[in-house]
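Got some structures for you, see below.
Heads up, the next two complexes both have chain A, just with different partners, chain B and then chain C.
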Partner chain A sequence: MPIPDPDPNIAARQRWMAVLARAAATQIEALLEAVPPLPDCVVLRGPEAGLVMLRGRAGGAGTRFNMGEMTVTRCTVRSTGGQVGHAYVSGRDGRQAELAARLDAALQDPARHDAIQAAVIAPLAEAQAAARAETTRKAAATRVQFFTMATMRS
Partner chain B sequence: MAYVAVKGGERAIDNAHAWLAEARRGDTAVPELTTAQIAAQLGRAVDRVMAEGSLYDPALAALALKQAQGDVIEAAFLLRAYRTTLPRFGYAAPLDTAAMLVRRRVSAIYKDMPGGQILGPTYDYTHRLLDFALEAGFSPPSAPEMPADGAEIPPVNAILAQEGLVEGDATTDAEPGDLTRTPLAFPAGRDVRLQTLARGDEGFLLALGYSTQRGWGGSHPFVGEIRVGEAAVAITPPELGFEIDIGDVAVTECQMVNQFKGSKTAPPQFTRGYGLVFGHAERKAMAMALVDRAMRAEELGEEVTAPAQNIEFVLYHADNIEATGFVEHLKLPHYVDFQSELETVRRMRAEAVAVKEAAE
Partner chain C sequence: MSIDLPGFADPVSGAQTCFRAVLDAMARPGSLHAAGQGLTPPAPLDPATAAVLLTLVDADTTLATDAACAPARDWLVFHCGAPLAADPAAAAFVLATALPDLATLRAGTDEGPEEAATLVLQVAALGRGAALRLAGPGLRTPATLRVEGLPEGFASAWARNHALFPRGVDIILCAGDQLAALPRSVAITEEAS
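So, the complex of A and B:
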C-alpha cells in the first residue's frame, strides 16, 4: 500500500485508487451494473499509455537505482458534479484507466461515495485480499518444517 | 568498379518476410498460439524478455515472444524498440522488497529465521526427468494450502546487521543515473552498474558469476537470501501531490553475502552483492549479485585481476541488444569495405612479387 496520507480524505482516496489500479476493466464493469449510472464526464486527458521507471535500492536499502520501466496508462476526467478524477494504472488498458478515473471522480462526490464504495470498491478489495491470502497459504504449505533427529549419545 | 547494386533487394526482402510469417505460424493443422497462452504458460520466458527488454508488461512480452518465434533476445529487442514510442510519466518510489507478497524465500546461511524457508513454486529438487504427462496434456490439482501465520518476513540482512558483522547500505540523495537518458560513462557508480546488470544478458552474467566462483576474482559467496514475489509500485503524480499505488510488479531479489578480509579503513566483515530482476528469475538475480560484488573489488581495496571485476569490461558487454546489433551487423552488406580490402591485398601481393623479382 502507498504511504498513507495524514489527511483521512486523501488516505481513503489512496485506498480506492490502489484497488482500482489492480482491478481488470471487466471486473469493474460487472460491478458497476449494481449501481446507478456514473455521472457524465468530460475527459480532460487520455486515456494515454506511457512509462514509469521503477527503482530499487542497492543492497535492498541503499542508494537508489533505476531498475527498468513499466507500462502505465493514465486518464483524467471531470464529472458534471465538478469532481476531477485521476487514474494511473499499470499496463495498457485504456478502458480500465478511464473507468478508474470516472470512479475516482464519483467517489469524491459525497452523494455517490457510499453506494460505490460498497458495491464496487469493497468487493474488488475483498477479491484482491482473497487472492493475496491464497498465495500466502500456498507459500505457507511450502515452508520447510525442520525437525531435529535426536542423538543417542550417552 | 566503384558502384555496388543498391536496388533490387525490395522484392527479395518482401518475399523473405512473407516466408518468415508463414514459417512463424508453422503447420496450420496445429492450432495457433495465443499471446494469453504464452503469458500464462511460458512465464519464465516472458519474465526474461521483460528483464532484458527492461520493460515490465507481460502481455507485450508474450506478443514479442510470439513475433520472434521464441527468440528471447529478438523479443527483448522488440520491447526496447516499443518503449521508445511511449512518453515517460515519471519515476516510481524504490520498490519495498521487504514488504513484498512472498512466493518464495530461502536463505543458505540461516536455517531458522523469522518467516522461515519458503520454497515456493521451484524447480529445485525436481529430478530433471522429462515429464511425458505434459506432452499428453495435464491439468494439475490445486496446490496445497496451509494456514499462514501472517507474520512479517523480514530481510535476512537485518538479522546479520544486528550482529554488526555485515556492511550496511550506504545511501545518498543523489538522483540515480539513467542509461535510457545518458549513455554509459566511466567511472560508473553502483546505481548505473546495477541498472546495467538488471537489464543485462542472463547468459553473460551467469558465465561471469560462474567465473568468480572458479577463481577469477573469487569472493566466497553465500546466498543470504533469495526472495520472489510481487512488490507494490507507487508513484506520486504532481497533479495529485500524494503517493498512489499503480499496481504490482513480480521481482526476484538476491542478497549475496561475501567474505571480506578487511582493509585499512574497514574491519573484517561480510560484504554483500545485490541482484534485483523482473519476474521469477533467480539464476539471473544470483548472477547479478555475484557480478555486482565482483565489480566492487576496487572500492573494497581488493586487487582487480579478473574479468568480472573489470567494470568497463562487464558494463560494455552485458547488454545483449547492443551486442547482437554489433555482432549481427557483420552480415549486412559490406561490399564497398570489402572491395577496398581486396584492392589493398592485391596491391600488397603485387608489391611483394615486384620486390622479389627485383631481388632476383
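So, the complex of A and C:
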C-alpha cells in the first residue's frame, strides 16, 4: 500500500488517483454521464505504455530485490483551467489513462471537485471496497490453521 | 513548473523525422534541414532546438543547460526524462544559447570517442550572417554556412576542437525550425563577407 502523504491535499489526491487507477475505462465512462462534461484538455504526454520494475523486500533484513516488470500506461493532460492532471494505470488501456488524467485535472478545480467526487469517485471507491471485501471473504473461507508441535504440547 | 506545453504530437514519427534530419545534417556538414515544425516549446527554446533535444536526449543521457535555458529545464526533464548535470563537463548533451568554451566540454577518449559531448547551440539565424567555409568528410567541395549569432573567434576555438580528432565535441546549430551540424571532422575557416 502507498504511504499517504502528510499534506492533506496531496493525500486526498493520492486517494482519487488510486481509485481511478483501479477503475476500468467503461466504468468511468458510465459514471461520467451523470456529471457535466469535463473541460477540454490538451494532451501533454501519452497515453504511452511502458514497463515499471516492481521491487520487493525479502528476508529478515528486508533486502530489496527486483520482482519483475509490470506494464503501465501513463498520461498527462492540461485542462483549459490550467490544471495539470497525471495518471499512471496498470495495463495497456490508453483510454483509461487519458480519462483518469482528465478527471485528475478536473478534480483539482474547486468548482468541479465536489460534483465529480460524489458522482464518480465515491461509487468507484465503494465498488472497489466491496470487491475487495468479497475476495477477502472467499479467501477467509479457505483459511487453514497450522499448529506447531510446541502449540500442541502446551 | 512549466510543463504545461506538449511535446511532439506524435512522439514516434516526430522523433524519427527529426533524427533523419540530424543524420543528414551530420553527414553533409553545413547543409540546412527543417526540424520541429508544429512544436510549441517553452521560451527560450526554438522549435528546432526542442525537436533535437526531444529526439536525442533520454533517461540514459545527461543534459546540461546554460543559465539562459533554465526556464525550459522542467519541460525538458518532463518530456525527455533526462538527468540534469550541474556541470557541463560531465554532460552528454549540452544546451546553450551562447557558445561555451568547447575545451571545457567532454571530448571523449581515443578508445571511446563516442563519449564526447554534443553541443546543441541555439543561434539567432541560419542561412544569413557571417559566412563559415567548411571542408572535410561529407563535402566533395568546400561548403559555405552562414550563421548569425556565433561569437568572434569561433573558427579558432573550433580549430582547437577539430585538432583533437577523433576526440572532440560535435555541434548542432539550431535556429527557428532549421538545423545544421558541425561534426568534429569538419575544418572551418571564416570567410570574409
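Here is the rule we use: the second predicted complex is superposed on the first by the 140 of 154 C-alpha atoms of A that agree within 3 Å, B and C clash if a C-alpha of one lies under 4 Å from a C-alpha of the other, contacts with A are read in each partner's own complex, and residues count from 1 in each chain.
Here is the rule we go by: a contact is a pair of C-beta atoms (placed from the backbone, for glycine too) under 8 Å apart; a residue touches a chain by one contact, two chains touch by 3 or more.
Computed from a predicted model, the values in this text were never measured in an experiment.
**Q** Under the stated touch criterion, which partner chain does A:Met17 make contact with: chain B (first), chain C (second), both, or neither?
**A** In the superposition, A:Met17 contacts chain B only.
**Q** Just chain B (first), just chain C (second), both, or neither: which does A:Thr136 touch?
**A** first
**Q** Using the touch definition from the top, say if A:Val42 reaches chain B (first), chain C (second), both or neither.
**A** second
**Q** On the A-aligned overlay, A:Arg55 touches which partner chain: chain B = first, chain C = second, or both, or neither?
**A** first
**Q** Between chain B and chain C, pick out the one touching the greater number of residues of chain A.
**A** The larger set of chain A residues in touch belongs to B.
**Q** Taking the superposition on A as described, I'd like to know which of chain B and chain C A:Gly82 touches: first, second, both or neither.
**A** In the superposed model, A:Gly82 contacts chain C only, not chain B.
**Q** Taking the two structures together, which residues of chain A meet both chain B and chain C?
**A** Comparing the two interfaces on chain A, one with chain B and one with chain C, the shared residues are 48, 76.
**Q** For the complex, which residues does chain B have touching chain A?
**A** The touching residues are 50-51, 54-57, 59-60, 83, 86-95, 97-98, 101-104, 111-112, 116-122, 143-150, 155, 157, 168-172, 174, 176-180, 189-192, 194-195, 198-199, 232-235, 237, 239-240, 242-249, 253, 255, 272, 274, 276, 278.
**Q** Note which residues of chain C are touching chain A in the complex, please.
**A** 1, 3-7, 11, 78-79
**Q** Give the list of chain A residues in touch with chain B in this complex.
**A** 1-3, 5, 10, 14, 17-18, 21-22, 48-72, 74, 76, 86, 88-92, 132-144, 146
**Q** For a test of understanding, state which residues of chain A touch chain C in their complex under the given definition.
**A** Per the touch definition, chain A meets chain C at residues 42-45, 48, 76, 78, 82, 84.
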